[in-house]
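Each chain carries a letter (A, B, C and D) given by its place in the written order, and its residues are counted from 1.
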Amino acid sequence: MLEFDKVMLELYGFLAAWCAARSIPLIWLDLTVMIIAGLIMIGVLSLAALFLVWWERKVSAHLQDRLGPMRTGTHGVLQTLADGIKLLQKEDIVPSAADKRVYFWAPVVAFVAAYLAYIVIPFGKGLIARDLNIGILYIIAITSFTVISLLMAGWASNNKYALLGGMRSAAQIVSYEVPLTISVLGAVMLAGSLSMVDIVEAQGPYFWKWYWLPQILGFGIYFISATAEANRTPFDLPEAEQELVAGFNVEYSGMKFAMFFLAEFVNMFTISAIATTLFLGGWQPPLPGLAFIPSWIWFMGKTLFLVFVLMWFRWTYPRLRVDQLMNFAWKFLLPLAFLNLILTGLGVYFFG
Amino acid sequence: MTKEQITARLKDKFGPELEIVENNQPEPYFYISMAKYYELCSYAKNDPQLDFDFLFQLGAVHYPDDRFEVALCLCSHEKNHKAVVKVRLDHDNPETVTISDIWKAANWFEREAMELFGIGFFGHPDPQPLLLYDDWDYGYPMRKGWTGPDFVPMPEK
Amino acid sequence: MDRPRFRPHAGKITVDNMIENKDLREEEFLINMGPQHPSTHGVLRLILKMEGEFIRDLTPYVGYLHRSIEKIAENRTYNQFMPFTDRIDYCASMPSNLAWATAVEKLAAIEVPERAEYLRVIMVELNRIASHLIWLGTMSLDLGAVTPFLYAFREREWILDLFEMTCGQRLTYHYIRIGGVARDIPVEFEKSCRAFIKDFRRRVDDYEAILTENPIFLGRTKDIGILPLDLAKDLGASGPTIRGSNYGWDIRKVEPYSVYDRFDFQIPIGANGDVWDRYMVRIEEFRQSCKIIEQALDGLPEGDTVRSKLPTVLRPPAGEVFSRIEAPRGEMGYYIVSNGDKKPFRVKIRTASYGNLQCLRPTSIGLKIADLVAIFGSLDVILPEVDR
Amino acid sequence: MGIIEKVPAYIERLPGGGIVTTSMDWVLNQSRASSLWYMLFGLACCAIEMMAAGASRYDFDRFGMIFRASPRQADLMFVAGTVTHKMSKRVKLLYEQMAEPSYVFAMGGCACNGGPFYYDCYSVLKGIDQVIPVDIYIPGCPPRPESLMEGCLKLQEKIKKEKMSDWASDRKEV
């Protein structure tokens, strides 16, 4: 029952046979399956984001000696749902001086960019929407799309705080893109493939063979840069509450704000999922003997652990300043990332 | 320095322009004439014996029948002594000079006195209202006997 | 159509052409920060002239909480005015009470029983801790760290419990009265207070662990917003702000009021007056206040808590007085003019934030907006003190 | 409020539409009542008690109440403290910037009617209801966090009685 991949393969085989019997071209089936898979993905991810929002509030509350949401459902599990329905009812304000079209599209771009990355993430053995052979390249391309939405939002709001937030996010995300990409290359070199599935399979079901050990530097750099890409504390400058009120989304209300909010949490999940895939063996169990637990549970477990670490960061650290942020990216992370790349290359050349 | 020493030193310098107020407080209180006001402030700040480097406060007082007063509370960090300097201003035309170039701290105090009492400080670098709202035109609220819109005096029992 | 929009260029694209077309240009812009802004701690309004992230000029606008307390003081008797002093500095009501009480006592030459003096010291020092806790919380919030804020408020609640069992209020106490204190402490106060002090010392170490040793915090505070000593004196800064600038000036030491001369405590000072130094001064003051409270609890004498035979309506002799105490934010004092009536003729309130806020402009010009927030947090300005 | 505003008018014409709208009202009201995001806006003494109510011991988050710094995203404004004439324009502006449906608390004596600054005072507004509509008044100087919470519970009761069909008439005129 829990082995989704087998069930799905059987289902697909059955449907293919059904189509063949009625001489329907297989392309229609593939298209239908793809659309349904996409819809399921959006549903699951939205649910996951809702869950993460609730979880973040609970984690922060417990770190701070509080209880967090308690009234809406048992221990507040329905809290985010209530927030969502409430935001749906709120008035949708468009500032009179805003650039209306850009203002409208900014949250949509953020939302879509956040979700598109999931096409190539293997949630479990065989649980992948499309195994692109340039998977990791695709992800890097898609995740950097976020910056456009933030810039759009910052510009279109016609608010100086929003503009400053948008500018900050542009500078920040573009800078951190560089060490992030280079740190990822280490894992790619070890696996010898850009496909996410190949990278996972190359790591094997032994936790000491996963790439976090040979790529410990790369893993660190990736995780830090990815935190910055997702605008999480200590790198949450674009929406620094104490400086820029709410940064790029200061003028957004209602559902548009909710889309930004959800996109942020989906992004958080994305970076954790990629880290899991590249460095923590993806859906592989830590030992072959533990393979009886379905692969997607392993994947989710590792990802949620990394998400928890991100939350832990957020509620512990103060925020960096803009120039410190830049210095950190260009003067520290980037040389380290190159060093990691060279070391990996040498390692692959001599031992690989 | 003690109360007597401060008084004596200032009396030497300013003579009859200085008028000592007799009371039993530990710090000296005196009036200075309008003409010597700025000179005294400058002297008090720069004299190495007095060394009043800290303007504790500058406050105006309105005596409704005859005068305004500006009272300065001066303190010295190094010497650890205090003094209160007062100057009498004309009731109908309360004006004096600014001392915000001697102590920067006087800047806001003078703006406040300008706004709430209507005292003019010549040469003030930034003479604009501090506390009241922009289109306030109901006079100087801290003067005695002032009334204005939305002002309800406490009913006597 | 007052905002620039993207549009295709007519001629050849050069920098000059773009500037001429007003599509690409460099200019300073104004930002209005406040009166409602998360980091202005109330209703301060700052107009910032920015060049990108850099602050080129700033002007503070105050008066959004001007409650004309000085006018009210002229129309209340000396005892009736005491509750208003609570509201001048609501984070530290006890020191405000004490400042008014000492000023009136100095004017009318009223002796205070010894037990009342000790209780005053205990309460004022507890309130100093509570006030510094609010500062710690809001400053760390300004720097983006949310959790220390909640930790600080957790400990503050404990102090408020102590106040509540003493005088029944959480924020505006009206406990210190002219000639003594309102009532004696309850029996269980001493035990709870000692337990709090014992626990609080450990909590201060916790705050240091989460903030002081944090490299991000260090990077945000070290060498930021340096306030030279001369400037600090000139602008009328006081309290931890001037002590951070390497100057051991504390009214409790240099001009002891109440019974402060009987206690053994140090005045922490900073090295060069940056945000970090002001932070460390206040952190160290937590420990010193604990020390004073313990000594005061040890030496608490028996006796009355309010001077008997005080008239119900106080009529001090005509004259004037100025007196000051060391409130958590710095020097707080009253200048009272009395004409022998039951109401003061004129009350001028001088508060620490009034001077400290004026230090904001010279320290933050040329820095970034994030530094401004940190500096403002470290000055610990509270707006009702400025506006009154 | 968008599309949802028009929904009840259509549904009520259908057979059994009343039941649908009632249960929709229930869901919408529940969600609104249990997700009151308040604006981070403190004026004076009461602001400290508001902060205390959000902190560890009282913890507004239990009711699903978190603070937002931007008025656009807030549902609830605590006018916590003394509103002076100088500030009253800003309070009004902030209220107008909040997205509907929005609620206002007058927290503390000063916000209710001027409180201790009623007499002999030239700069304090005698009650914020002269400027903006108020949903809940909480007296006290300052009110304790418990009374603030009681006020929030009262507001939740009030919200739960609202009907979707009433919204159109309740909208503020901007």
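Here is the rule we use: contacts are C-beta pairs under 8 Å (C-beta built on N, C-alpha and C of every residue); 3 or more make two chains touch, one makes a residue touch a chain.
Not measured: the values here are computed from a predicted model.
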Most widely separated chain from subunit D, with each centre as the mean of CA atoms: B
Chain closest to the assembly centre - both centres taken as Cα means: C
Subunit A-subunit B separation of Cα centroids, rounded to whole Å: 64
CA centroid of subunit A to CA centroid of subunit C, Å: 43
Subunit C and subunit D: spacing of chain centres that average the CA atoms, whole Å: 30
For subunit C, residues contacting two or more additional chains: 37-38, 63, 66, 68, 71, 74-76, 150-151, 154
Set of subunit D residues in contact with two or more other chains: 55-56, 69, 84, 86, 119-123
Where subunit A touches two or more other chains, by residue: 64-66, 241, 245
Chain-level touch network, classified as line, ring, star, complete or other: other
Chains touching one another, given as label pairs in label order: A-C, A-D, B-C, B-D, C-D
Residue numbers on subunit A that touch subunit D, as the complex places them: 57, 61, 64-72, 76, 79, 81-86, 88-93, 241, 245-246, 249-255, 257
Subunit D residues touching subunit A - in the complex, by the definition given at the top: 1-2, 4, 27-28, 30-32, 34-35, 55-56, 59, 61-64, 66, 68-70, 72-73, 75, 97, 99-101
Contacting residues of subunit B [partner subunit D, same complex]: 131-133, 138, 141, 146, 148, 150-155
Parts of subunit B lying in touch with subunit C, wherever the complex brings them together: 23-25, 27, 29, 53-57, 59, 61-62, 71, 73, 77, 80, 82, 84, 103-105, 107-108, 129-133, 141-142, 144, 153-154
Residue numbers on subunit D that touch subunit C, as the complex places them: 39-45, 47-49, 51-52, 55-57, 69, 71, 81-82, 84, 86-87, 90, 94, 116-117, 119-124, 141-142, 144
